[in-house]
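Going by the order they are written in, the chains are A, B, C, D, E, F, G, H, I and J; count residues from 1 in each one.
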Amino acid sequence: MNPIMSRSEAADLVVAARTRLGLSWSEIAEEVGAPLVWTTAALLGQHPMTAEQAERACRLLTLDESVAESLQRQPARGPDPALAADPTIYRFTEALAVYGPALKELIHEEFGDGIMSAINFRVGFSRVPDPEGDRVVVTFDGKFLDYRW
Amino acid sequence: MNPIMSRSEAADLVVAARTRLGLSWSEIAEEVGAPLVWTTAALLGQHPMTAEQAERACRLLTLDESVAESLQRQPARGPDPALAADPTIYRFTEALAVYGPALKELIHEEFGDGIMSAINFRVGFSRVPDPEGDRVVVTFDGKFLDYRW
Amino acid sequence: MNPIMSRSEAADLVVAARTRLGLSWSEIAEEVGAPLVWTTAALLGQHPMTAEQAERACRLLTLDESVAESLQRQPARGPDPALAADPTIYRFTEALAVYGPALKELIHEEFGDGIMSAINFRVGFSRVPDPEGDRVVVTFDGKFLDYRW
Amino acid sequence: MNPIMSRSEAADLVVAARTRLGLSWSEIAEEVGAPLVWTTAALLGQHPMTAEQAERACRLLTLDESVAESLQRQPARGPDPALAADPTIYRFTEALAVYGPALKELIHEEFGDGIMSAINFRVGFSRVPDPEGDRVVVTFDGKFLDYRW
Amino acid sequence: MNPIMSRSEAADLVVAARTRLGLSWSEIAEEVGAPLVWTTAALLGQHPMTAEQAERACRLLTLDESVAESLQRQPARGPDPALAADPTIYRFTEALAVYGPALKELIHEEFGDGIMSAINFRVGFSRVPDPEGDRVVVTFDGKFLDYRW
Amino acid sequence: MNPIMSRSEAADLVVAARTRLGLSWSEIAEEVGAPLVWTTAALLGQHPMTAEQAERACRLLTLDESVAESLQRQPARGPDPALAADPTIYRFTEALAVYGPALKELIHEEFGDGIMSAINFRVGFSRVPDPEGDRVVVTFDGKFLDYRW
Amino acid sequence: MNPIMSRSEAADLVVAARTRLGLSWSEIAEEVGAPLVWTTAALLGQHPMTAEQAERACRLLTLDESVAESLQRQPARGPDPALAADPTIYRFTEALAVYGPALKELIHEEFGDGIMSAINFRVGFSRVPDPEGDRVVVTFDGKFLDYRW
Amino acid sequence: MNPIMSRSEAADLVVAARTRLGLSWSEIAEEVGAPLVWTTAALLGQHPMTAEQAERACRLLTLDESVAESLQRQPARGPDPALAADPTIYRFTEALAVYGPALKELIHEEFGDGIMSAINFRVGFSRVPDPEGDRVVVTFDGKFLDYRW
Amino acid sequence: MNPIMSRSEAADLVVAARTRLGLSWSEIAEEVGAPLVWTTAALLGQHPMTAEQAERACRLLTLDESVAESLQRQPARGPDPALAADPTIYRFTEALAVYGPALKELIHEEFGDGIMSAINFRVGFSRVPDPEGDRVVVTFDGKFLDYRW
Amino acid sequence: MNPIMSRSEAADLVVAARTRLGLSWSEIAEEVGAPLVWTTAALLGQHPMTAEQAERACRLLTLDESVAESLQRQPARGPDPALAADPTIYRFTEALAVYGPALKELIHEEFGDGIMSAINFRVGFSRVPDPEGDRVVVTFDGKFLDYRW
């Protein structure tokens, strides 16, 4: 009568296996057949996987059925308090503090009253070579939703 | 012996003038000669402008010298508490909660130990037509900085 | 060079005029030509009105042009801290604490992974007679949005 | 001399069993003989069940007596911090921020000084088909209580 | 086009007038024709008064019509942050920390699952002589409400 | 070299035994020879018991010596965060928000500058029959202490 | 119909006058006829003064009647958030963090279950010469109060 | 490869042994050869002990070498959140809220700009007999440190 | 009977005058005859100045006597909430999060149990040329204080 | 299928081994071949080590492979809540509160709009003899980064 494995326990096992086996997130995403950022987020516990996705990931990572079951569970999404001040993540938070009000102005000017959906939404990640130092380029791409009664 | 006008008072005057005159942020950015998101953020109080930028903006917006002086002041950057729960901005915060840990994993895998700079950094904003509803596309583009002693 | 009137100053003037003139929110909504809860929320500062809506409301409430201009401004939406513990509002918060996790389970079971939109969304309010005491009935009605890349 | 199983441990076992057995919340509610949202909330730990309700639920879910005992315990109700930022639940919180003050105005106008009870209270959940996308409809229905000395 | 006087401004004027005129809260309550604690709370901004109550209070306190109007407004109830650590009030908070869980146990044992209403509710205040030092006796008296669907 | 059992572990065992044996808090208080609310609070971990009180309680509840020892320990008193939003307890918190400032005014008017002691203090609990629904009546009764140098 | 001057406005005027006139807190306390720390705390807004004390203080400080009236008002006591991190005050907070649990153990061992009163309480302040640097000596002296029903 | 015992685990074992053996904090302090409050604080985890002090304490309390090693570790000092609202400790916090600003004024008047050290610092504890009830007297005695570049 | 000008109002006037007159902080420090970082901090409201220092600063900045008086007042020191997330200051906070525990270890290893004084303390600031980009070098230099009873 | 050892478990084992073996942080840093503060921070869990660094450290400290693996993991950096009020670390926080705004002014005056990098950054630690008491000298040395689009 054991409860199923938690999403964060599954994520720890995924990260440990990935390191041990020397697999990249891209290789896992390719095996899973889903976009890179989506797959990484799902394996870290932010999206439920289909049975097939979970089994493909676990086979590649040599993890057992209890992990595959966990990966299919509907997660409680949200920020990880242990990462709130991590510098790699904090720089995004800081950018949002500095540019968020400008983005709000521009969204309303261009689209009217509404939001960029965070559900009908995708995130891109890429490395862009630059002679002064390569760049991290992250794209937030969401459907505009207008306030509509 | 009056203190100079605060950055947020200047921002309120800019927003009011823009609405009254029916000017778009793009028209202002073009006049200022700087990128769209940067100009919007600067006028909202997140970047100091050069004397020339401030004067060009104020001339277009028919604002006086005290505003132009204020726009050149070094700001105290940071989040606006009154906007923390605004849905248009909150969706970015939520996206960061869901995808931030994945971005951290991908940055470290691709670049090693370090961060995407939020200083040597630019933000793009565009509207992408889509038959299922046009999309808001925002690009964060920062130089990778590695931990280096 | 005055900044335009803030949304909360406009809301205070609306509430004062409504009381002074003995107008109901329904009468105002009818004049504005919009749903009851939407109109009330808009006049309290949570939605921008069109020029026509704002002018109709201000004519009825005998408020001047500066209020009408303010009502058309894009607001910064969010909770009012002064109302967080108000018992009339707190009971909704409490109901959400008690029934929120159940609603999440039921949404995912019925619709799959996604959310009830709070943007493509409407709220109904009615009084339902009941011999043991009339009832407040509030309906939240939002489009289901699935997580979709 | 073991203490009885906690309500949240029981909830985890219920959720795990439900998934394993492929039972819907409606099927469980029918077996328990109680409304859908009430039953779901009770099994997640927000209401005590009668002995009969608990035993029926546990028989269906093939859970043992210690779970049935736990489900009868008086719970400490309240929000689950792990769900505060979950998007599915947060949209309700956001709707309350945007429309809560309007609901307060309308309750006082219609009923006088008082509240919608969250105790003499029921919640409805339904899926409403819509050609532009089906809708989540949640009804909060509570007895009006007036401030009365 | 002035907004009406806030409830807390009215409360300040009441307290100042009461002190200046040397009136006791009991004398004011008698004039208003309402219970002592209710009247004190109402004049401090926690209950709306009827027109007659407000006018009687203002006549006695020699306050003008703008105060009387304010006292009839529906308040936003809630704690006053400036009093959170005031020792006179904090002792009640402390008593609740120490005895609250016991009261919850006793309410559930005696009445079943439910609450003491804070709306259908009255508060008594009295001084009880005692040779070892007179005692403050405060009575909370609320209707029991059971969780009822 | 085991540390003694914590007060909250002892409280859990007391609650479990009370339920299993079908004993009321009154029966336990009678056996302990102490007031009802005091005994309930003490067994929940908010007062140290004498050796005799602890042994009587444990004999009745068929709990062993390690519980009796724990019940004699000096506790760290304070609020239980897991109960802060529990509706049964929250209604007391809300009543304090609404009536606390009035009680402060009345204490100072009647007694002068000082407080109701929460140490030389007792709490009464009773059920008062009422044709419109029985009432929970809780009495806070503390010695007045004046600020005295 | 002005409200009376706030306690903190009165405190600011006292501090300004004291500096302007070059008076020490001891000289003021002597004139008021009350202990040094009590008088300083009272003038800073933490104790109400008698009419005579307030008038003596105001005559010495050449402050007018509105200040004297304010000093007699019952204050809302509590910490000043602007001083929470002030190093001179923070060192006391830190000492309490380090030695508070030890003081609790010693109070209970010596006196039994109870507290040091902060109401029947006095504070001493003195400078003690020391060849290695003079010392600040502050004495907290409160009546022991035992938990007594 | 076990990590050494934590300071708080050692403190729990000390408190349990002290109670079991019926030893007073004074007897332990005498054996350790250090002041009463210092010794109590050290054994509760706020100061590192020398090897000799730790061994003497452990021999008296019949605790083994792992406790003695732990007592020598450099602690992370700070407040115990579980004690923040404990009434015995809270009264000191309250006294600091009421008298802290006065102490700051008096320190600066007497000594100039600087602080009472909390490092070159000692705390005294004593019981002072008083016909109206014995008193807890606690002395904070720290070297004055002036701001000095 | 005006209260003297607040320290933060004085700071605003200093900053405005400095900008208007094109004076550097070094030039002001030289005129004041005090170290650069100390002088900047003092003028921003974190240290009291002597009468001579304040007058020299105000003469150079063409500010009047009320500013000079304010600069001599004992400040309430502490962090400015408006700067908590400012990137220029936040980088120091982040560095402390990453390296603070290491500095604690090294201080205790090198000096024993104690602290770096923040009172007998000075801060250096300099620009160090570097071919890969000039560097900001900030030195914290405080007397070691050992825990000493 | 064990997850790898957490960074904080590894840190505890490092600290325990260092104490047991009597090794200084300098000796460990020398063996690792990296700067003192960097090595200490890395072993406490704030930097990933290379395989060679981790193995050298573990060999010296006689710790096994699981620790060496953990030390190579990418950490989640951030403050340790248990150390927030530790006096040794708090003095740095306090210094930042007092001198942070001055450092911001000086950085902008000297370098323009930008920050001291906390990534391209090093920290120095040294003991400086002084007849009035030796001094702790900590140097923060980071590359200046200007806001650059």
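Methods note: a residue touches a chain if its C-beta (ideal position, glycine included) is under 8 Å from a C-beta of that chain, and two chains touch if they have at least 3 such contacts.
What you are looking at is a predicted structure, and each value in this text was computed from that prediction instead of being measured.
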Every chain in contact with both chain E and chain J is listed here as G, H
Matching interface for B-J, options A-I, E-H or A-C, criterion over half of contact pairs identical, gives A-C
More contacting C-beta pairs: D-E or E-H?
-> D-E
Which rotation angle, from 0 to 180°, best lines up the CA atoms of chain B with chain J, given as a multiple of 5?
-> 180
Using mean C-alpha positions as chain centres, tell me how far chain C is from chain E in Å, no decimals.
-> 29
Separation of chain A from chain B, taking each centre as the mean of its C-alpha atoms, in whole Å | 24
Listed in rising order, chain G residues that touch 2 or more other chains are 77-80, 83, 85-87, 94, 97-98, 108, 114-115, 117-121, 145
Mind listing each pair of touching chains for me?
-> A-B, A-C, A-D, A-I, A-J, B-C, B-D, B-I, B-J, C-D, C-E, C-F, D-E, D-F, E-F, E-G, E-H, F-G, F-H, G-H, G-I, G-J, H-I, H-J, I-J
Of chain B, residues touching chain I in the complex | 1-4, 73, 76-79, 118-119
So in the complex, which bits of chain J are touching chain G?
-> 85, 87, 90, 94, 97-98
So in the complex, which bits of chain I are touching chain B?
-> 9, 12-13, 15-16, 19, 63-64, 82-87
Using the touch definition up top, name the residues of chain G that touch chain H in the complex.
-> 24-25, 36-37, 40-41, 44, 46, 77-80, 83, 86-89, 91-111, 114-118, 120-121, 123, 125, 127-128, 130, 132-145
Over in the complex, which chain D residues touch chain E? Could you list them?
-> 34-35, 38, 47-48, 74, 108, 113-115, 117, 119-122, 145-149
